């Protein structure tokens, strides 16, 4: 018990330490920018890991919720004069409501059939965002109003680095708490055997729905952060490729591990920055790295590292 | 009436394209339960290699056969170098590997070929066939016929050849098949090569209609995957049915409802079908054993 | 399984981040750095690729001829894959890390609009290569662009339609950023030219059959012409299907298909299609006294010789952007971004592939309708349409 | 007191009648076993009783309440727990966590307090873990509690399933072939365990092939053949039943059954 409890705090402690210490070695604000993007992507990945890693349900349309969060902070302030912070909340509520509505039906599907249903759902959201140009600005996108706190305008990578870093730490703490709770165990149980979970008194459908809703809220908040940070948003934020990116973050880092999701986000966000040296061979290198990680680091980076350092474990 | 028929023809044209792509998914899924997101790249390779060879003055039939061989080799390599070493990984991990592979193949294609759009000449000319006031391009019939021929070919292969039966056994139960003396690894390799070849044939047939570029595979994979799931994964006939239904949904959606939302309409059709038939149109309902 | 060993991977992540960008191109202090974020891969790569080739080609040429003001030009190119968020990150990198003097790039309107605030904040001039009028309207102090706006394309087409007395039209637009944005602009300026839009259809960028939409247009009574705002492969398929179902009225394409590849893809179906485009496409047909002739013939021949590909107006926009910047730097007598910006704004009588640029504090494009020629495709080649000039 | 009653229960798959017109009653505190050859419908019947399958006909009453077709998680709340012939272990978890899952219904299942990690959530976790350890000790798995479940040997996994089921504090425990794959010593230990569970007031239903084990332990037995009831009664009565001997015991278990009863 104490081992598990402390493991939770170790993950969180290391994360906070990294967030706090990284700026010491950052030579320019560009690094803050990339790191802020990592934190924001990691928020969505940690959330998706609750659905994919804990509950074992695949979503290939999760960027749809990123889109809802992003456009909430774009449209709310511009069209309705709402406060941006309030809009993050409204976006999250809208995402939760939509996840509840959609999840009730499609979470009955299994495996690849669930994958295609979620893919279709994400596709629909991206389609609406691109088509309803009067509201969303269409495929060209729309600017997002800057937010301010007590008259102080929040702009610039440094501010957003700290803001998104803090939010990621919070989101990770919540996810780790959930993992070691009644509901968290229920999710991990139904991942392995839905029937045994049901017979242990777990309302499988309800638990899956909760995981879907929680993951949607994480993604929505991340989407809002991304839009506010970028100051501009296009429907690409909800695209299929973005959904695939999120899934890849979770899987490459190590499915089921929050630390893995953060690491996966770090890898996939920073890789394109590294790979610019390859110029036109960039895509080749990216594809190769993804394949090699998945082939040689079975189960993802974090679980492989755990096995390496704890050989007596199975 | 003419309008309705035109929408039908459009749906059949587009649907048979999706069906051809979905057939490639089916081949690999059947032998190994892997959903291969690089299937669209096989289709792209079929088109682009043929285009490139044609540009080098190779006659079309020779170029086509060469493209099929190239794609089959790439399929084989994909299995041997990326899927087989990762055996035992979960389905979603394998999907990520195939996505990595698709990025890789695309990356190579953009360097080897170029980033422009290309087309192939239609096999039987561009003069549309008129029928009751509607028109269809002869190439659409080639695509439709190609899908039919592949379904029949796959059926004959799995029912009437020893290798095909071994593949069916491998699909049903890999361990049991191995105990029965079947080299299951070779069978799965073969299925990847076959899927590469099927994809390339698809690419050659559809390029006169859809055009192609190094980037064409992504969307085709998406639609082909959707069509395969709609039909019931692993069923060649289901893949064709799913593809045609998807194409018709898009055509009638564009014609009668809203062209801006036609892709959305297609996905709504998929959702409705799956919610009433959770294993797709032709999928078997398997009761869970405990 | 315990979770004790999460420490190391996280540390590794931190280390990875810190060296993330150690690989930027290193330039000598005296060199002048120019940045470029382009969509060299992804759905807009057929635009980004010629842009990148053009920039690399001419930067090499300039350096071979001794550089600018005795200094070498260093070009830093990043590929955003068409993703605005990625473009923005690279824009930040150009500004914060590479410390470029100016940026010529931004293949799509989406990426350009996403990057604009960064260059505004950093006070670095940014010459966009994308179409949307929103990039320069309202005017942003540091943001310029070289391609004709989609509104100008609409006006050019509608002007031609009005002259031919074809004022009841159908539109079929791509749902991509280019098609959608141009459609909006066309709807806005239609009244000004007395054009009525009777049918308004759309298609997705990678659709392979547009006959349902075209059937609906064909069956709309009173249609006199059809306009197709779109780029990439879509317009080629629209053109083919247009002939397939036998729509008899004239078809207008946009400047988004102004490359030879459109004619190749659409084949004989493209015959008779009209479109507004820069003079570049008809370089050799221009009258000997046309001021643009030397520039466009020169660019066309240089590009085609170096790359072996037919020239497109997309690469031309990059050419214009690069040389507007080079001229401005020469006039500024150095590479100070603010001074360069001031000089870019003062660009007048600059003859590029796109036309004659006359910029001002209120006009960060500087082209007027005369920059567009109305072209007609005949026998697989471009010709100046009758009545144009 | 009668805890569970099945009335004319029947279920078919496609054209096959897996279970047909089966009726029986289980007294509280008894060990009630279902025996029969492979394919007799034993596990199918368990699946109906535990809510995995919905019967096409008939009723199931639990303590007088009609629970026919109720989903598994609600039946669990009513006090039915079970184990599986094909093990359904949560391999992604440790041994003790597997059992903690069984405490699900006894825990506060609200999301927000769990995610916030409130002191109440931590307290509950401690309590659940403590209880799970006690149950593990009861089934003899106290030592490997913090190991991954997958590291246990086969026999221990069967006990782990029992522990998880017991964690529900059920009224009725369905054990589906608990002795399968166990050696004689393990089987004997299992018998002890089953008896001690009954002593705690839990009623047990058992599907088992090991006739010696079944005959020794059961208060009452139901014999199924081809989905139909062949006979029902005490072990002694069944041993006298010529039909049962002919149809089942005679073929499969007479040699074991007879010494077991003598």
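As written, the chains take the letters A, B, C and D, and residue 1 is the first residue of each chain.
Convention: a contact is a pair of C-beta atoms (placed from the backbone, for glycine too) under 8 Å apart; a residue touches a chain by one contact, two chains touch by 3 or more.
Nothing here was measured: the structure is a model prediction, and the numbers come from that model.
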Identifier of the chain whose CA centre is least distant from the whole-structure CA centre: A
Most extensive contact between chains (C-beta pair count): A-C
Subunit B and subunit C, separation of their C-alpha mean positions in angstrom: 34
Averaged-CA centre spacing for the pair subunit C and subunit A, given as whole angstrom: 34
CA centroid of subunit A to CA centroid of subunit D, Å: 41
Inter-centroid spacing, subunit D versus subunit C (mean Cα positions, whole Å): 71
Residues of subunit C touching at least two other chains: 1, 40-41, 175
Shared interface positions of subunit B, touching two or more other chains: 110, 260, 263, 288, 290
Sequence positions of subunit D contacting 2 or more other chains: 52, 84, 88, 148
Subunit B residues within the subunit C interface of the complex: 3, 6-7, 9-10, 13-14, 17, 110, 114-119, 126, 128, 134-135, 137, 206, 209-211, 213-216, 219, 251-252, 254-255, 259-260, 262-263
Residues of subunit C defined as touching subunit B within the complex: 40-43, 45-46, 48-49, 175, 201-204, 206-209, 211-213, 215-216, 219, 232-233, 236-237, 240, 244-246, 261, 264-265, 267-269, 309
For the subunit A and subunit D complex, residues of the former touching the latter: 1, 3, 5, 173-175, 177-178, 180-186, 188-189, 191-193, 195-204, 210, 214, 256, 313-314
Touching residues (chain side subunit B, partner subunit A) in the complex: 35, 82, 85-86, 88-93, 95-97, 99-108, 110-111, 218, 222, 225-226, 229-230, 233, 260-261, 263-264, 267-268, 270-271, 274-275, 278-280, 288, 290
Contacting residues of subunit D [partner subunit A, same complex]: 50-52, 71-73, 75-77, 80-82, 84, 88-93, 97-98, 100-105, 107-109, 111, 114-117, 121-122, 124-126, 128-129, 146, 148, 150-151, 164-165, 167-168
